[in-house]
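Presented sequentially are two complexes of chain A, the first with chain B as partner and the second with chain C.
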Partner chain A sequence: MGNEVLEKLQEVIIKGKRADSPALVTQAIEDGVDVDTIINTMSDAMKVVGEKFSKGEYFITEMLLGAHAFKAGFDVLRPKLEEKVKKTGGQSKKGVIVLGTVINDIHDIGKNMVASALQAAGFEVHDIGIDVPLEKFIEKAEEVNADIIALSALLTTTMGETKNLIELLKQSGVREKYKVLIGGAPISQKFADAVGADAYGEDAFDAVNKAKKLMGLS
Partner chain B sequence: MADTYISINEKVKADIIFCGSGMNNFPVAALGGRLKYMKGANPPDIGPPFIVSNEEDLNQLYDKMENGAMDEDPIVQKIREATKMVVERVGDEVLVCMTAFGPFTYTGQFIGIENLMLNLAENPDFVHKVLKFSNKFHMKYYEPLIEDGVLKDQMVVITDPMSAPGLISRKSWEEYVLPYHKELCDYYSSKGSYIWLHVCGDWRQEDRWELIPKTGASIFFCDPKFDIGFAKEKLNGKICIGGNVDQVNVLNLGKPEDVKKSAIECLKAAAPGGGYMLSAGCDIPPTVPYDNVKMLIDMGRKTKYTDDGDIILPD
Partner chain C sequence: MQGSQKQGQKQKIYDIAGVKIGGERGETPTVLVGTIFYSGHKIVEDPKKGVFDKAKAEEIVNAQDEMADVTGNPCMVDVVGDFPEGMVKYLEFIADTTDSPFLLDGVNAETRIHAVDYVKEVGLTSRAIYSTISHTTKEDELQVIRDAGIECAIVFAFSTYDPTPEGKMGLLKSVDGGPGLLEMAEKAGVTKPIIDTAVLDISSLALSCKAIRMVKYEYGYPAGCAPANGMSLWKKARREKMYYKACEASASVYTVSMGADFILYGPITSASTVFPAVATYEALLGYGEKWSGVEQVEGHPVYKMF
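This part shows the complex of A and B:
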């Protein structure tokens, strides 16, 4: 990498020092580092966090700290990214995703981690929150011209909403327009197949891989 | 409420009645936690804003609890009364439990789960303080039934899903969960109650199954995320085990034959020699077909033991 600030930025994200990432992003911008290089550095750091999670070295605490450190840095970088998009007339984003936790379910940690991981991987993410009525997913997807609708359900009592969304998409005649990606503690590949979802993400980083696959990127 | 439990169990004929199942959040609401009601049969959850963000809030919660906030709560009263009535009416025939979350999960409900996870790294002392409170809170919830001996020879529940493997490390489990579970188990055992412990997740991870018997619980319920045969091999003779028929893929999505097949697999792996309870691996969704529940219970009921401890499976 050869840049001390970027090396430090990568380190603080991997170690989850969320208070330190904004200042390092500011420093990198002031040093004249290209925004793409900064975002790539941060994405690489999140990838390391994901690998450590997959290997069982990291748990939710470390993942959350990493995601917070990423997000805090990303918030500083966002105006610069938008500026660049305006100048170049669009960025090469990987896809547009509408993401939320289904109605009657207020769990948000997993969903937030998926949002950060997708963002870090270059997706445009529209996080519509928790306890979201199914119609809202479709409304938002139509509004932002989404590629993927991603649903999180953490309870055995709410996971059935994933099926209901797919039914609603069919009834609305837009099932073919969107890929449906689902995840959450009680959900499995078998369940995803049974409800007719296009993909199942086992964890935040698996969700990224599946989203890439759905977009034909891997 | 007691009538409902008893009449449903007359139909399905289970060996255990879980009173207050799905109502583990009400004691938190009694202290000011915000309940988020769901439509249909879904149990309410605790949502933000969370009631503890600093030590001052925690002290206020101690005051509230000591001043009887839980005892005055009509729903808590109802759960305790129903449990007592079920014990009085059928406590000789079935094992009766009153259910509750464990201290780690309650701590998450007091301060917010995300906050709990972040504080494990950033403010561990505060986490310990809230955990200490959560243990007192657990005991307070059961207090009248323990004092009156209602739950003597019956069962107390610690279900602590937020401390699942995959969520926190083994090291964190040893520091933030085990000592608190042990304190609760020691206390309830000294009062003559059994303790049902359930923590979801795959316990093969980091060999953390070794920690389970150290809690002092009477029985550990195993999530379908790992093989019951593994639990049998590692925990046999140390703690009774239960589970782990898959509540989603088998009980909810399967047919009675699938339940039968899965029950036989569990029985073959875990029942020989005793020390095993056939059961779902976690709470079952409300959409599980009745015939599947019935099949699971029938399979357990029809399985017999020989004098040597071998099992005779039903046809």
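This part shows the complex of A and C:
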């Protein structure tokens, strides 16, 4: 990498030091480092977190800390990224995703990790929070011209909302417009197939891979 | 670090409907809390209306009571409800079936508030433990607890931003710069806070146990956590039934060995695995501590297991 600030930035994300990442992003911007280089550095760090998780070296705690360290840095970088997209008039993103936890479900840990992992992979993520009525998913997707609607459900009593969303998309005549990606502890590939979802993400990094596939990127 | 509790705050012991919780290492037996009517529990037929297999429910609640009697580890029932109406049906049943204290563990505020109204109405507040006061608890919920006169609540020390032991301790002092969880509990009129140091997955149980020691050292409050939360996500433990049971017993004993005053051990049907495992450990611990001058309470596993 050859840049001490970027090396440190990568290290703090891998080690999940949320308090340190914003200052390092600010420093990199002030040093004149290109926005793309900064975001690529941060994305590479999240890839390392994902690899360590896959290998069983990291667990949910490290994933969560890494995701928060990424997000804290990303929040500082976001205005610069948006500025650049406006200037170039192009789209640097891989796809637009509306993400939320379904109604009557207030779990946000998994959703937040998925949001950070998707952002790190270059997706434009609109996180609409927890306990979200199904209509809101569609409203937001229409508003931001989303490619994918991603739903999280952590309870057996709320997992059925994923099916309800797909029904609502059909009733609204927009099912073909959006890919539906679902995940959460009680959800499985079998369940995703049964409700007619386009993909199932087993964890945050699997969700990224599935989102890329849905966008024809891998 | 053993003995640090003695160098820190005096350890508090609460009496909740006859169940003692808290104290110095080896002083009182760990309270084992089994969960019933949880999301996906097969005995539940209609969670909205609270329809369930009563015969089966009675059998498993009685089995936990019997295990508590045989081993000397007291028990509580964690009553989970997804819906207000269903929750009241569950509580009616539990109140009639066992004398044990129970947790009002509604998955949403509406269900919890409804449960509080119910226990107040029928005079069960002294057996009820509010579950939980967390960083998401709103003012109106705190007021409902206060108005009902519920003295005991589980204070859930979980921070999505910082799941480390230090992060959990920080939440007790302050939530996002505002009052901390302990101040919130005080606001709710809770005089017997029990701290749950929040388990994310099985590996994080180690961090939760570190936090238990920190809580007891700094505040002296009874503290514990739910190894069950780690068990439910632990795929490698699910090779076969006996393998899982050994992992479950070990995770429970580990948590108790780290100083937990209570554990949420998971489905109440796991009582036959968890109680003997924990009680064996506690009987040995108690006997050892007895030689160091710590007297055990009446009915402790040391008097039951050998």
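For this structure, a couple of remarks:
Everything below uses one rule, namely that the second predicted complex is superposed on the first by the 218 of 218 C-alpha atoms of A that agree within 3 Å, B and C clash if a C-alpha of one lies under 4 Å from a C-alpha of the other, contacts with A are read in each partner's own complex, and residues count from 1 in each chain.
We adopt the following convention: a contact is a pair of C-beta atoms (placed from the backbone, for glycine too) under 8 Å apart; a residue touches a chain by one contact, two chains touch by 3 or more.
Computed from a prediction, not measured in an experiment: that's the story for all the values here.
With the C-alpha superposition on chain A as described, chain C and chain B clash in the combined arrangement.
Look at A:Ser188: by the touch rule set out above, it reaches chain B but stays clear of chain C. Judged by the touch definition given at the top, the superposed model places A:His68 against both chain B and chain C.
After overlaying the two complexes on the shared chain, residue contacts for A:Ile109 are found with chain B and with chain C alike. For chain A, the partner with contacts to more residues, out of chain B and chain C, is B.
Looking at the shared chain after the overlay, A:Gln171 reaches neither chain B nor chain C. Once the two complexes are laid over each other on the shared chain, residue contacts for A:Thr156 go to chain B and to chain C alike. Of the two partner chains, chain B and chain C are each touched by A:Phe59.
Once the two complexes are overlaid on chain A, the chain A residues touched by chain B in the first and by chain C in the second are 59-61, 64-65, 68, 104, 106, 108-109, 112, 155-157, 185-186.
Within the complex formed with chain C, the chain A residues making contact are 18, 59-61, 64-65, 68, 104, 106, 108-109, 112, 155-157, 185-186. Here chain A touches chain B in the complex through residues 16, 56, 59-62, 64-65, 68, 103-109, 112, 131, 155-160, 185-188, 190-191, 194, going by the rule given at the top.
Interface of chain C with chain A (complex): residues 39-40, 47, 82, 107-108, 136, 160-164, 200-204, 207, 232-233.
Touching chain A in their complex are the following residues of chain B: 36, 38-43, 45, 47, 113-114, 117-118, 120-121, 166-169, 172, 200, 205-206, 247-249, 252-253, 282-287.
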